[in-house]
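Paired with chain B in one complex and with chain C in the other, chain A is shared by the two complexes that follow.
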Partner chain A sequence: MDLDKLRKTAAEVVSRDDVKYLIGWRRGTFGYRVAPHFIEDAAGVDELIFSPLCIANLANYLTLTEKLPVPRGQEADTRKVALLVKGCDSRAVAQLIVEKGIKREDVVVIGMPCPGMIDWKLLAERYPETDVAAEIGWKGEDFLLVRGEEEITIPRAEVLAEKCRLCRHPNPVLSDITIGEAVEPWAVAEDSGVAEIEAKETAERWDYWEEQFSKCIRCYSCRNACPLCYCEDCILDRLDPIWVNRAVNFSENTAFHLARAFHLAGRCVECGECERVCPVGIPLGKLNRKLARTVREEYGFEPGLDPEAEPFQASFKPDDPEEFIL
Partner chain B sequence: MSEQFKPNIVAFLCNWCTYAGADLAGTSRIQYPANVKIIRVMCSGRVNPLYVVNALQQGADGVLISGCHPGDCHYMEGNYYARRRLKLLKELLEFTGVDPRRFNMSWVSASEGHKWKEVVEKAVEDAIAAGPFDQFRRRQIGW
Partner chain C sequence: MSAMLLNKEKWSEFIGKLSGKNLWAPAVQGEVKKYAPVAEGETVELDEGNTTVPPKALLFPQTETLYRFSTGKEELEFPGLDEEMVLLGVRPCDARAMALVENLFRWDFDDPYYLKRRELTTLIGLACNEPELNCFCPSMGGSPDSTEGLDILMTDLGESYLLETVTEKGKAIVEEMKDLLEEAPADALEQKEQLAKGAREKIRRGVDPDGVPEALPQLWEDPLWQRISAPCLGCGICTYLCPTCYCFDIQDEIEGSAGRRCRMWDSCMFAEYTKHTSGHNPRPTRRERTRNRINHKYSYFVDKFGVIACVGCGRCSTLCPVNIDLIDILRQVKAAQ
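Our next item is the complex of A and B:
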């Protein structure tokens, strides 16, 4: 990854008159942590990074931005937001455009082909975080960890994030500016996490999810981190009607997780944010990937590949499968 | 169990086809199990999948959704949307370990009183085979 080129491009983009700010990544405060970085002028680009730890999906910030009412006599700020995206993030942007959550002309998409990201929890298990600042980069197929004098090559399979292992679109599907060479999509094995659950008996599946959903503390991080959960009036917040009670117990947790997974059916771009931010480690990605696979295999549809596509659940084909209907 | 288990089935029927079909079954004196509680909705496309989740939470042992045959929808395309949506819901429920027999969907037109009877018999049979569904019951707050 050519960091100089990235910073130079970023500086050019933020200097443009029609760009409000650029959202990228910078080093976090400790260890392997990476934080989002909002750059408003060219001075901020020095902190900008793109490393295998930049796993967070920044597309979420496009819809999180507070839209304050414009004071009388002032004009609304119609400048664009520039965004650094990986393959999965670009799909989220495309899906947001499909759903008219954002307008194409309101974003400047800076695409970066992504050779795969590291799950920092796996990394920290093997190489605990220290006070010494760590630099991590790609080295061929593998990852290279440089920490002071140490230089460690980490095999790809050891620390690659699960979502990246199953990634089929490492290159951005849409971008105004592309930095770096396109990467060759890698062979994707079968989704073992989903297949494992499918192989279980019905009652065993229920027990598995009962154990998982019982852990839920209903912090709604999964919803908040999801780039595609941006309804202003979320059913989880509604008091009339109360779709899901607020009590934290197994029944309500299950209803919540079913609702969340269902609302992402045919929309989820498998960026893995929900699972990554979950403080109690519920494998939410499995629910999403299961539905995404159904949509892909039975309807031949993949969300977030074409900004002109019709939303999956708001369209139909007369010959959709209906073998389950009596 | 000394008494045979009587399942509780919530049926969401579309106003234009299946509700009329169930009505026809009634006026034709067709005998069918009395375990279904019918809720009339204007279209099967109006059935929010969360209705199903909610019904299961509130003590239903099975859910049945029925509407017009594809192409016959009063609103032209409502049942096509319902078909997509509820297929995904069925997959999701199955994946989370809800017995697939608890969820049935059918197309019954206004003239198919006999088909309605068969559908209900099948749904009841399925729900009996799946047994009572208490695990998902909404917990009552007692104070």
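Our next item is the complex of A and C:
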């Protein structure tokens, strides 16, 4: 990774008159944490990084950032937002464009071909986090952890994030500027997580999800971290009528998770943020990947690959399969 | 404060006797550690580290029925709150949090639900010999062997547990268990002091909050709030899993002609938390919400009750998916002063 080139490019982009700010990543305050970094002027690029810990999908901020009414007598700020994207993140941007959640001309996309990200929890099991933010990079196929004088090579397979193991699109699908060479897509592992659940009997499967959904504390981090969960008026926040009770129990939690999963069918770009941010370890990725695979296999459609595509749930083809219609 | 020794050989017998008292202890479920009931015949293994979900969830359940009602019936049906409960292995920070939160539940109105549960609950704490990465209780006036809020404090001495009695409730438990306990010799107390000292030395992170309550009102419009809140997801992790956050909402759930009024945790980080009926929201963005979270803990609560509403458990820093780190925020507040 050519960090100098990234920072130089970022400095040029944020200095443009038509760019409001650039969203990238910076080293976190301890351990293996990395924080989204909002850069408003060229000075901010010194902290910008791209490392195997930059797993957060920054496309989320395109819709998460509040748009307040413009005070009378003032003009709306129509400058663009620049952001760094990996392959999966770029799919979220493309899908947002498809859905008219954002306009293509409102973003400057800086593409980062991605050799794969680390699941920091797996790393922490082997090398516990310390109070100093760790320095980590890629070394050939593997990862390199630098701790003071010590350099530790960590085999890729040991700590690669699950979503990256299953990744089919490591290179950005759209970008205005690309930093670095395209990476060679790797052999995609079988989705053992989904296969394991598919192999269960219906009753067993129900028990599995009952256990998972019962853990939910409804902090809504999965919803809020999802770049494609951006309804201005979410049914979960509605109080009149109240569609999903605020009571936290298996029944209401299930209503929440299933509503979210169905709303993401044919839209989820499998960036894995929902599962990554869950504080109680609910394997939401499995749920969303199962739906994504159904859409892919039944309809030959993969969301977020083409910003010009028709939205899956709003399109109809006479030869759409209908085997599942009872 | 009396000190007794419980040899670990008698641990399962000790647990056996406690498990008849509606005993709860930390248990690992998947990748999450939280309090779970201990059935008779089950044992408990206490290890280092804290639970993801704080024990506040047992005294102040995430969803709690206040009463039930039905049409045509004038009487309300109140839940019977009479079951005693024993929480085992409570960390000193979490027990201290309960002592702090009690200020609120006793403030302008005595909350009968919380206070009744608190009264029925005995807290058997466990001193931290191995603090975690983001533990910073000494910064907030606590310590890895603080007894505040606890009825008994246990310390793991290796072969045995030292049990220090703090309250009358604790004394009653020790009295019941006296066949399993022996008088703690002086060297056990000495060993405990050494462990506590060692634990304090192992704490790696911290921030002196001195001056923070005074600085916060001056920093109301400071750009630091925009900077800190820009990456915030606006989720409820930091507040729901905070042992001192106590905000709740009250809702009616009605099905047919019967229903219940219940209260549930709420979070000042949620967009609709302060949303008015008119649609206006005085805290329209994550900037105002983040500012409120910090001001509530380090300024408003101090004004009202004379103490910071943070015990330094570090959960918010550890669990935030985008590295919004409370220790870092306090440092930024101090730097902006």
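Just so it is clear, the second predicted complex is superposed on the first by the 322 of 326 C-alpha atoms of A that agree within 3 Å, B and C clash if a C-alpha of one lies under 4 Å from a C-alpha of the other, contacts with A are read in each partner's own complex, and residues count from 1 in each chain.
Basically, a residue touches a chain if its C-beta (ideal position, glycine included) is under 8 Å from a C-beta of that chain, and two chains touch if they have at least 3 such contacts.
For clarity, every value in this text was computed on a predicted model and none was experimentally measured.
Colleague: Thinking of the overlay built on chain A, is A:249 touched by chain B (first), by chain C (second), by both, or by neither?
Modeller: Both: A:249 reaches chain B and chain C.
Colleague: Once chain A of both complexes is superposed, is A:127 in touch with chain B (first), chain C (second), both, or neither?
Modeller: In the superposition, A:127 contacts neither chain B nor chain C.
Colleague: Per the contact definition in the header, classify A:143: touching chain B only (first), chain C only (second), both, or neither.
Modeller: A:143 sits against neither chain B nor chain C.
Colleague: Between chain B (first) and chain C (second), which does A:265 come into contact with in this model arrangement: first, second, both, or neither?
Modeller: It touches chain B, and chain C stays clear.
Colleague: Check whether A:321 is in contact with chain B, with chain C, with both or with neither, and answer first, second, both or neither.
Modeller: first
Colleague: Counting contacts the way the document defines them, which residues of chain A are shared by the two interfaces, the one with chain B and the one with chain C?
Modeller: Touching chain B and chain C on chain A: residues 245, 247, 249.
Colleague: Quick check: in the complex, which residue numbers of chain A touch chain B?
Modeller: Listed in rising order, the residues are 197-198, 200, 202-210, 235, 243, 245, 247, 249-252, 254-255, 257-259, 261-262, 265-266, 287, 290-291, 294-295, 298-299, 312-314, 316-318, 320-322, 324-326.
Colleague: Residue numbers of chain C touching chain A in their complex, please.
Modeller: Per the touch definition, chain C meets chain A at residues 29-32, 52-53, 62-63, 133-134, 204-205, 227, 230-231, 233-237, 240-241, 249, 251, 253, 262, 264-265, 267, 270-272, 284-286, 317, 319, 321-325, 327-328.
Colleague: Of all residues in chain B, which touch chain A in the complex?
Modeller: 49-50, 53-54, 57, 70-71, 77, 80-81, 83-85, 87-100, 104-107, 119, 122, 135-139, 141
Colleague: Give every residue of chain A touching chain C within the complex, in rising order.
Modeller: Per the touch definition, chain A meets chain C at residues 28-31, 33-38, 56, 60-61, 64-66, 68, 121, 128-131, 215, 217-221, 223-225, 237, 239, 242, 245-249, 276-277, 279-281.
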